[in-house]
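Take a look at these structures.
Look at the two complexes coming up: subunit A is in both, with subunit B in one and subunit C in the other.
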Partner chain A sequence: MTEKIAAIDCGQDTVNTLKGMMGEEIQLAIESFEGIQNLQNYRMIIIEGNGNQRDILQRIRKLRYACYFRAVPIILINRQAYTDSVEPYITSGASEVLSFNEPVGAIQQILKGYLIPNRKPLDEEMEYLNSFIKNTSNVLNTTTSLEAVFKEVYFTNDFRIFGDISGIIGLSGEAEGILGITFYWPLAKTIIAKMMGVDEDHINADLIHDGVAEIINMISGSTKKDFVGKPYHFEISLPSVIVGSGHQIGHAENTPIAVMIFEVNYQYFALQVCLKSKINRKGSITGIKK
Partner chain B sequence: MKIIIADDSKVMRNIIENAIKPLGLATIHASNGQEVLDCLEKQGNEVGLILLDWNMPVMSGIEVLETIKKNNLYTHIPVLIVSTESEDDKMTRAFKAGAKGYISKPFTPERLLNLIRGRISL
Partner chain C sequence: MNAGILPMTKNENILFINRDKILLEDLGESLRSKGYTVHVASDMRGALSILSANSVGVIICDNKLHDVTGYDFLRFLKNDPLREKIPFIFLVPINDQGRAINALKLGAFDFIVYPITIEDLMGRINEAVLMPRSAEKAEEQQISPVSPAMTSVENSGEEVANEKRKSKRVHPLSSIRVDVSRNGVFWLSAQIKNINREGVFLETSLLSKTGAEIYVKVALPSGTSIIKGQVKHIAFKNYNPSAGIGVEVEKNAQWIEVLQYVITVIKKADASSFKGSPAASIMPVNVQPAPVSCGENKNTAKGATPTAPKVKLNASYELRFYQSLVGKQLDNYKAVSFIGSGAMGGVFEGWDIALERTVALKVISYRLAAKESSRDMFIKEARLVSRLDHPNIAHMYHIGNVNEILYFAMEYIDGVTMADLIKKGDKFNTLKGLSYLITICEALDFVNQNNIIHRDIKPANIMINEKGIVKIVDFGVAKIVDVNGDDNKKEGIVGSPYYISPEAIDGRQLDVRSDIYSLGASFYHAFTGSPPFDGTNAEEVLTKHMEQELIPLRKRNPKVSPALGKIIEKMMSKQPEKRYQDYKGIVKDLKGLESRAQTFQKLKNATLIFRVKPKTEVASL
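Up next is the complex of A and B:
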């Protein structure tokens, strides 16, 4: 099966090199940055790092936004080796920064590694994820009358989430972990205005922080009730809010994160669940030394 | 008569205030349990209903409920719990402590109004 990759603002030399490296496995769609609106259907995005750093960073942020929380790798590639730090590109949303000065085999291996699809949940995992999905839609619908449509779920070990604001809440007890919800600013503003029954002009940053915390509080509270008597039952803490593009949320080690994407009027938000039950299938608690 | 709305979320306090507007009563906002007690001390004789969130900083809703029901000055004031915590053990504890009603978040304005009208004579 060929993988559809967007080559954005890539020169002909770069396109030819990529085609030579990846062969028949990929279908390169040559795109201009200015025409980009929705990148959800690409398996990978490759952008050539032409121009000054500020412009490139801005472009990476916009590309990441256009992925709507889907796990689409964004590869920044350059014909020359980078002399400056690659860190700003990564924190802006790039998954990898490559240079054609590196050995061809290494670049091939890295690119193919990013084409490995994210793991989808098993049926037993969907059992508990379905409860989060149902309650997320219900909280949004009850408090705002907006319809939050569940689109997809995948597992990732990448802790970074590229939104503008996240509400997070710690989960402890029989199951422990973290629940987080991430929005871009415009949708967060729309939702909080609807919740409060006021015009968006009346919504400031403080109200958005407060409202996002309350949303995650309601989702965790109603899901908690669903898990009474089940291995995934948890207690909740007071919610916290993180603001800033590309912020990182810490999760328990060795526990994959389920990312659930929802759509509200053609805008998207993501719910992250990192939850590990301490109760094994036989009903005893694991990880506790007597 | 005034209604105390106690919730650490300003957005939620506004949601509740909008929902109970049809009652036509003045509201007092409190962002934690201690503020509820401070408010009762200052204007307890004007308060006709307390809507209490369970999870609040400084002092939780259940602690407030248990405290005010031990104080003869306030035992007559009805308290409704408005909380994300909606498990049976929590509800049982709230009713044992003297709550008149319990509503879980999220709720529609109609559900909250019906609960208040059904349980409280205002």
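Up next is the complex of A and C:
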């Protein structure tokens, strides 16, 4: 099956090199950043790092935003090696930063790795995720009368939040982990205004803090109740509200992070769950390190 | 094509959205007859569906749609970073012209008042596509994809951090590491903007609340200090990615230490800027999204600096490749989490969706994937292991290739490696160690009977599962022994420095006795807690394997029985001829020892019972 990749602002040489590297299994659609309007049908976005860093970072941010939390890898590629830190690109939303000066084998394999679709949850993982999904929809509906429709879930390896505002809460007890909810401002403002019964123009820092903290608190609190007597039962801590994008949240090693995407009136938000039960499937406490 | 037709590219079409079906059809048809490609919709859902499948040059939209208002749709599009640039022409009734100005404020390119003529419409469309995209200007003005139309938000009338004040302002002190937390669990980086005896003003991505408790962690040369405080005011404007928080702190000795340190740094910075040399530590404030550290005060000990999660950028290509696979599915196997990597590839905990069981997934290293010979070697490993059906050897389930990524699925061992136990300082007691050693010898004897030598026996490749069953893993460099002894193929040194046999270092032909040496070295390490030969580098260790006499095991751990020490030492003889020639000999000696040890243990237990009994009798008297 050929994979469709958007090659944004890529010069012909870059396109030819990529085609040579990736072979027949990919279909490169050459797009300009100014011309591209949606990323719906692309499995991956490759953007060439032409121009100044500020422009590139801005483009990456916009592309990441336009992915609406979907697992679309954004690869920044350059013909020259990067002399400065690549961290700003990653915090802006790039999944990987590569240059053609790097070993061809590495570029090939990394790109191929990113092309493999993200896995869907196992049945046992769905056991606890369903509860989060149900409670997220319920909380939004109860507090704002908005209908949050669950769209999809996938797993990822790092807990990085891309969005404008996030609520994060630590989970501990029989199961440990982190729960985070992330919005872009337009939807966050709609939700906060409805929750707090104010006009969107009157939202202030306290209301934003209280609104987002309350949402994550209520989702985790109601899910906690669902898990009483189950291996996923947890206690919750005080929520933190974070503004800005690209923050990486430290999480337990070897614990996958489920990203659940919800739609509210054509806008999206994401719920990220990183949860590991200390009790294994057979019911005993796991004492042996894997 | 008619004169005056817009110069649109073939990919750019018109999206015409209107509740009035007749108008939609009539105008749509008229535009089509003029050579335009027209898509029509009567609601936002339909419009979005067209936008997701087509590249649209101009949107012409009614002020009311079936599901939302035209304003809502316009606002929605202007918040979409890729679609905000599509020119939007608003259609308004004659009595609603006043409100149309709102559409322009929201970012509409133009508006047309009903009734519409096809000529007027064409003229506006032409203007829209000929005009430079307004979005470019907006891009220059703001980095955030958030619409510039957003209103400012400010709390409690306090000035924001960036506003100029008449009072003396502290330079941003980026050299001082500061983190803030609401709960002592999640820590976010912050930058000091101002400081005095009462407290500190910080810029951070952590949005707090007036009156809330907050912890400020400051990295001092003497260690990390955590100060408790209360948020007095918040400055958060224009939905920026950071906020200013004024924190009133608890005045204690720690705070005085922090204050003194910060003042010293400021003075130093001021002095260096006075001299005209820009202080490296003084940089413009730019609160970059930074790793959010998480952990229950694990980093709070004096001297410890807050640890941030590993940023994968610093990882090797190899790790970056493995990271790209976490959360992916290779055929029937889901890569659940990354366990670790070795010379041949990376190992993941996986899940077999067909047979519903946990598996270990081994994925070939990118370095080896490009070489045909290495791919063959990887496949060979899978085939070799699949031949070894033994309870103490991890079973092979499947080998596959997805997107040229070669992998195999094998038995997942939920347990620890012998290396983990050694690292923890768990020296084996004689009986348990004997039992493990006997089992491994029997398993390796089975391997040998299949004319295979492992070539990398070491504590990390010996696993002990939850039930205490020993398993040999990683046959990545295993080799089929040529029974005719004609194998003259020269290879580099294969093995791990601490456990490699002298003949392997020497590049001589290997047989079962090389594995016996490595097994002896592994158990020497397990029984004593130290590798048989150590050094500052691999070369030094290898030389010692070749030349240095082995320190008797009992000298390093007198608790080990002399007979067992002798067996291990014989396994590790420098000359293969002086070692055991096969595993059967070792097993025979070990079993003899085990039976003596068990008898001794029984006697020891009996003694205990004997000792306990009189006491009971005394008590019953």
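As a convention for this text, the second predicted complex is superposed on the first by the 279 of 290 C-alpha atoms of A that agree within 3 Å, B and C clash if a C-alpha of one lies under 4 Å from a C-alpha of the other, contacts with A are read in each partner's own complex, and residues count from 1 in each chain.
Heads up, the rule we're going with is that contacts are C-beta pairs under 8 Å (C-beta built on N, C-alpha and C of every residue); 3 or more make two chains touch, one makes a residue touch a chain.
Everything numeric in this text was worked out from a predicted model, so none of it was measured.
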Quiz item: For the three-chain model obtained by superposing on subunit A, do subunit B and subunit C clash or fit?
Solution: fit
Quiz item: Regarding the shared-chain residue A:M196, is it in contact with subunit B (first), subunit C (second), both, or neither?
Solution: first
Quiz item: Given the touch rule stated above, what does A:M126 touch, subunit B (first), subunit C (second), both, or neither?
Solution: neither
Quiz item: Using C-alpha centres in the superposed arrangement, which angle lies between subunit B and subunit C as seen from subunit A, in steps of 10 degrees?
Solution: 110
Quiz item: Given the touch rule stated above, what does A:D164 touch, subunit B (first), subunit C (second), both, or neither?
Solution: second
Practice problem: Check the residue A:E214 against both partner chains and state whether it touches subunit B (first), subunit C (second), both, or neither. | Solution: first
Quiz prompt | Touched partner set for A:L146, first subunit B, second subunit C, both or neither | solution = neither
Quiz prompt | Contact breadth on subunit A, by residue count: subunit C or subunit B | solution = C
Quiz item: Is A:V15 contacted by the first partner subunit B, the second partner subunit C, both or neither?
Solution: neither
Quiz item: Touching A:L57 in the superposition: subunit B (first), subunit C (second), both, neither?
Solution: second
Practice problem: Return first, second, both or neither, reflecting whether A:L238 touches subunit B, subunit C, both chains, or no partner chain. | Solution: both
Practice problem: Give, as a whole number of angstrom, the minimum Cα separation of subunit B and subunit C in the superposed three-chain arrangement. | Solution: 8
Quiz item: On subunit A, what residues does subunit B touch that subunit C touches as well?
Solution: 206, 210, 238
Quiz item: What residues on subunit C touch subunit A, complex-wise?
Solution: 11, 44-45, 48, 51-53, 55-56, 68, 75-76, 79-83, 85-86, 133, 136, 139, 143-147, 150-151, 153-155, 181-183, 185-186, 188, 205-210, 234-236, 239-243, 287-295, 308-309, 311-313, 317, 320-330, 334-339, 349, 351, 353, 356, 366-367, 369-370, 402-405, 414-416, 420, 466
Practice problem: Show which residues of subunit A lie in contact with subunit C when the two form their complex. | Solution: 25, 34-40, 54, 57-58, 61-63, 65-66, 71, 73, 85-88, 90-91, 95-97, 102-106, 108-110, 112-120, 122-123, 154-158, 164-165, 168, 170, 178, 184-186, 201, 203-206, 208-210, 212, 237-251, 254-257, 265-267, 288-290
Quiz item: What residues on subunit B touch subunit A, complex-wise?
Solution: 8-12, 14-15, 18, 55, 57, 83-88, 104-108
Practice problem: Within their complex, state which residues of subunit A touch subunit B. | Solution: 138-139, 142-143, 192, 195-197, 206-207, 210-211, 213-214, 217-218, 220-222, 224-225, 228, 236, 238
